[in-house]
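Pasting the structures in now, so scroll down.
In the two assemblies presented below, chain A is common to both, partnered first by chain B and then by chain C.
Showing the complex of A and B:
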């Protein structure tokens, strides 16, 4: 070990080639935003948006005639109709199905609208509900067959497509002549077909209204969430009690109704009783929805995407016609676009999370001076064997006691990985019993003046447990940082806490970028991802007080009541933060370049502080911290199990003064009983040790300590 | 709870459905023979057989794909465009063998692409073949073929016998159908390719773990079915003296699926055989012919076809319910 540190020291003194450049590059231009933007929900829309812009520019060059004012108005109306059909298709596809019958339903709606207006002379306001209901009824048939009878969506709607189309053909033979012979004059009907609202074609207005409603329903209401859930995983949706069959059935009804509405607009616009309306529309709509980025198989999609897809498909369609290409070219291009879109969906979108989780990590440059060598007897961290003979409490009955604490009656408390607060009754501390169940892994613990136990729960936030075992959430969100891309208002990894004399609770959140189980990723980044937060129980407010700290961990309020000490694990330092008094808001260094990763800090009986070092630094990782590109490549190319991790298996306990002078250390050199330490509490002449990976609590006698000193008394005075 | 009758139907599995379809065919045939004047004469029967042969050949191709667990919606487009192109090349003066070779090569290429998309890119076959159908037709009309309908050249020689010839009074298309059905049937039953096709169709993941080269296998199935489709197209073109590329837009591909599903090849894959295709072809052929003789309007025929297909799918769903545990996301 000694030679390693020696080698590291030599290396640390020299610079790597172009290290100043690396430092500059990573300090000035952080890439963390890339991963954060890509992991946003709305990032999915970037690809279709880019494709849309590309297609628009392409046809501006290839077919400039497409974008004249008259064409644009007509295109707006076509988009209004086609967009409605696409929205219907999208809803069905989000629910995990597909609706090929939209084209035939559209044709049926068109014919019905024309027949009712021209032949039966009904007013348009009466025709509209009839047409929509009829088309919704065809959708209902689809829905019953697919939703309730579990038939295959593709083939079933194919059958509806054939059958309804045949029906339309039969009806056409009957009515076509009459329709084209009669003349229907109605101002409302003309307005629906030709009118503008504020210069926007009426169909377009209808589309905008429907799109807005659909967006709200899909993203903000119970029904929309049910559809998403059913499409995402039918079985899970069923198990959570969602009426899966009804939900699926409903999507087809909506799709049919929207196709009917589109047909009504189309009928008013063109009055076309030919046989081709709606032919092939299902392929167009399907292409539009998939090009927009809605996944086959459901669960993913949005109105905005469907709209972008519709614009792309419509433009390709009209553009090819405008360019006067031979027949067949439209089908060829659409087929190719569809194939590409599905291939992208299948190969990329479904594996997006996997790819993103690797792109998300963004290491930065971080350099520490070489640490002192614990094998050197003159080092302040010199090794010893004082933890060899610790007493063990709750051996094999505990699982992950990150922190330990005593109440005023000498009872011992700790958290465990199963989400419980465990209590050992004093004075023998033999039997653990579950004091309270929280549900997440309790990390830091602290008692307030009234004996209420506050705890930081990883992934959940700050919780309090009353003396009768009642659990209550104190806070789990804070103010969001103004320009942060990820939503940092939720707490992901609240870590350790302490309580000021006025009752305010100061706690650390180790990182806002990763969840608890992914702490190694944060270590590899070694950026200031963490923060200090203050919760004030008096007005129940929470606000972030210090940002951009490197894995803030232990927090300890100093006896002056105006400042606190906090540890930054990966930065290997301890700082003082003044929250009150003359220096309020200032941060000053206390102890830097520690030989390991500091964890919790707690008061000692002699006015100094105990600090747990959860693991000792390794030269390899220290070097890697100076080479961000190496860590980035490692994250991309190496399995997580093989990464360079910070060691958190061997550490020690250190006592230091408020000025940052190290007084003594406690090691377990043989690493048998208690090498892994994340916390320690002094209590009546003993030091109790917790470790997040341990199945025990350690207890070691402190010969020189005040045998009557207790934590609660130190904080809140003798009772 | 399912009705007892359905349980019985399920308990005896595929043999029953094949039998039922066959009995319906016999009943239908008998009924038409008695009640439809002009149904049961040699001419009509020959016509019927000839008409269903192309459907039957295509159904054999589709059968292989469906047994392998996929579906091919581009088969009609492929048949139409490849044969139309071949005929156009011959009309343009290319020697017959060269044109045929080019036609075969082109269908092989399309089969490879289809197989690649399904097996390697893992696009659900319904969607990939739907898209390739559009591409094939679009590419054919855009680049290769200038007219909707390509007429039969006069110098085809022996190829022309595929559609027009007779052997011992039996129309040649029927014989082609019989030969292809027999060859593919034997292939499925007695070769490694065939057994692997069943295995992969039944459970792709399990087959893959067992060591079956599932991906090349799927490509091979698509190439095989493309070749068969080309032959079907030749039979069709020589029988009616032209190839109308508009057939792509017709309901033919759904009739093919109808034959396959009705015959008893479950759409979930791995079940059924060529016998099912033959039985299905007989029933649908008889039915279509009967409707034509009854002078039922073409559009009404389509509606009726749709309803029968729906019934077939419902029955397929009941007899071969999809397994919630193995059904994949996007398997729609």
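Showing the complex of A and C:
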């Protein structure tokens, strides 16, 4: 064995080449952030936002004249009209269709508005609803054909495009001269066309209002969600009972109405009775929506994206004109932009989840000194077989008793994977019965002064069970970290708890990044993903008190009532946190560089503490912790079942003093009875052992222990 | 689209062929009868009528004619001979001679026509790291040298250093120059003489290759992409051969073999029992690396758990394609198969990792475990 001690010494002393650089790199920048940003909904908007900024800067350089005050005002009006059409197009596309007829509808709306004002001299406030309704009616025809008769959206709207355009041409022949000849003088009409509100062009204001309403409808109302659902998966939407046909029909009506509104604004601004208004508009709107990042396949998109796309398209259009290029070059350029956007859309939609899953596991640099060697007889952790001949309780009747606890009447309680609290009646502990059903896997357990059982339930939060078996949620969320990208207020893996004399409950949340099934994967990250939380039953408040801890696990309030001990599993250390008294808020180390991964901590009868070590460190994993990129590549290239893992098959129980001195260690060398120990509880001269992946509770006699000592008496005094 | 390629393309995942078809897992080795418990039993040969195996520096004979007896001889109970150093490999000649490769000494021949011949080396080079031997007729010995850099006991290091310094030699015992028939092999660990060619198991390339006698250094691949590291070969009459697979491949090891820096640090800093490397017997110490699937749940170690050691003996047909196999899975106790020998209808297997010699029916057709 001599060589291994030597190897361990080398491990503890030698630095890897450029290890300082690795340490620095992972302290400064973490890929975790990138993964979290990509997992946000708004991450989709990053590409169009960047494109928009790029286009603006590009034309500031190429065509500086574009951004004069007069131009900006005019652009604002154009954007107001065009943006409305784009929003309509976007709604149709989110619903899974496409509306090519918007240009023709726009032209029809324009002509109608001009005719009604100039020839028939109707007031604008009457013209507006007529125009919008007429255009919505054309949209309704589209909608009925596509939604109810299930014709192809592309062909149907193409036909509408042609017929409505033909109708407009016919009507133009009849009315064009009359329109040009007459003069319509109306202050409201002029305000709509030329006026400003607080310096903002009127049509821009209309756009902002409509955009805000649309955003709320799409993201916050039943109708919006239905449209998203229908576009995302028509069949699933139908199966969940959504009126698919009506929803689709409605998107075309909205699109038509918005085109009509835009036409009304356009008519008021220009009074143009020529034949070109609205020609090619469907292509521009389509480009704007796709460039903005709305998915071609439906189901994804937002108002913000449509707006950014509209700005990009409009700027390119106007910028090319401003630069004095030939009129066709604008379209050519737009075509190229559209092509790129479609390629990005297709690639991004297909690969987003792949990128996300590749970026999720984000290991960081972590170095521990070489531990004491249990094979060395002089080590405080020296190997023995004291746990081999334990009595077994509930063998094959239990499934995952992470923690065990006794009430004041000597009954034994534990959790199981099926979501129950199991109770064994004392003193023989033969028959398990379901004391309460919670639904999630109960982990840590603690009794309060009144005999109410508090438990941390993985994936659910902190729950309490009254002596009559009634279950009640205590808390499942805490305050959100101020600058965190993801919302970390919900509890993901509440782990162990203890109760202070004043009733406050201190508990650990092991990690905010992995759930009940994957918690050991957190060891591959070895980052401070966990926290300590305090729940105060007096005012029902929950507050995070310590952040960024490496898998905080066991929690034990000390008899002084002012401090607690907590274990950080992957960091292999135990610290003391002062929640009251002179040192309130301070954290001091108690025991560091433990040979394995500490789990629960509980009081011992002699004033010291028991600690469960759920697994032992292996040199290969310790080395891998110093090489984060190796672990990251492993997570990508090796199937999860084959990952290098902490060895949680061999565990032990350690007794240590409040000062951090190790007094004794109890091992099960062969790991026959207790592979992996996650908790232990001393009770009347015996030690009871629990394990989260085990199907039994172990009981071992402690010859030197006080045979009358119980946990409830130690916490709450003799009754 | 270069950006997309940069984002989306990664190194290929580390994969290992699954055990399927003729290699479908069963528990045949665990169910087999124990013939002897011996410390690190290694190479089985049939010399005359007796079955011999090596263990440490000793040469042992198995109980009568293939071990029908129920007794379990302990190591040393029937030691025929003890040598100054460990026995690396054995080969039996058709005329009753026995070639014995000794660590650091060379190859000694006892009995037969060349009794007393001692080969210290090939030319000036010492004969080290002999992994297996076979007689081609009574006068020629085929010898595989696993590595020029490392001893046989250091095979894990040779694998992790991506060693390719192995070679196979044809040595005429009557005198004359030794001929190298293949070099730069990645740990040749078994040889088998067939008509006109020599079959070699090349462990680190997980394959069987053949080299014709008339065309040395021209390699023909017979069997490729095995799920484990192939070791010694032993002929089964005229019906093919038995292949012992001494360790399994695993995704984690394949991954570590790509990680040059990690591997180097691991070899420098960590004791070799705790390396991420295949082994003849894994799980002896809690300090060994463990993998996700090997976590005991409800007290059960799953048979399909990833493991650094395994027990596998493969029966090859006449064309040297796998026909059937005997397994000891992750939860089994017959790991590290270093040699097989078919004798009187039974196949005898040395499980070096678990210190036993077992025997089972050679022709049994077993369905795989569910």
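The rule we apply is simple: the second predicted complex is superposed on the first by the 549 of 719 C-alpha atoms of A that agree within 3 Å, B and C clash if a C-alpha of one lies under 4 Å from a C-alpha of the other, contacts with A are read in each partner's own complex, and residues count from 1 in each chain.
We take it that contacts are C-beta pairs under 8 Å (C-beta built on N, C-alpha and C of every residue); 3 or more make two chains touch, one makes a residue touch a chain.
Being a predicted model, the structure only gives us computed values, none of them experimental.
J.: Applying the touch criterion given at the start, work out whether A:14 contacts chain B, chain C, both or neither, answering first, second, both or neither.
T.: It touches chain C, and chain B stays clear.
J.: In the overlay, answer first, second, both or neither for which of chain B and chain C A:328 touches.
T.: In the superposed model, A:328 contacts chain B only, not chain C.
J.: Mind working out whether A:633 is in touch with chain B, chain C, both or neither, as first, second, both or neither?
T.: The second partner, chain C, only.
J.: So in the superposed three-chain picture, is A:347 touching just chain B, just chain C, both, or none of them (first/second/both/neither)?
T.: A:347 contacts both chain B and chain C.
J.: With the two complexes superposed on chain A, say which partner A:355 touches: chain B (first), chain C (second), both, or neither.
T.: It touches chain C, and chain B stays clear.
J.: First (chain B), second (chain C), both or neither: which does A:616 touch?
T.: In the superposition, A:616 touches chain C alone.
J.: Is A:377 touching anything from chain B or chain C once the two structures are fitted on A? First, second, both or neither.
T.: Neither chain B nor chain C is touched by A:377.
J.: Should A:645 be classified as contacting the first partner (chain B), the second (chain C), both, or neither?
T.: The second partner, chain C, only.
J.: I'd like to check the shared interface: which positions of chain A are touched by both chain B and chain C across the two complexes?
T.: In chain A, positions 343, 347 sit in both the chain B and chain C interfaces.
J.: Taking the touch rule as given, give the residues of chain A at its contact with chain B in the complex, in rising order.
T.: Result: residues 96-98, 145, 149-156, 158-160, 162-163, 165-167, 169-170, 173, 234-235, 283, 286, 295-298, 325-336, 338-339, 342-343, 346-347, 350 of chain A touch chain B.
J.: Mind pulling up the chain A residues that touch chain C in the complex?
T.: 3-4, 7-8, 10-11, 14, 16, 343, 347, 351, 354-355, 358, 396, 399, 520, 616-621, 623-624, 627, 630, 633-634, 636-650, 671, 673, 675-676, 693-696
J.: Which of the residues in chain C come into contact with chain A in the complex?
T.: 1, 4, 7-8, 10-14, 250-252, 255, 259, 261-262, 265-266, 268-271, 273-276, 286-299, 306
J.: Touching residues of chain B toward chain A in the complex: what are they?
T.: 117, 121-124, 126-128, 130-142, 251, 254, 257, 267, 297, 299-303, 305-307, 309-310, 313-314, 317, 321-322, 324, 328-332
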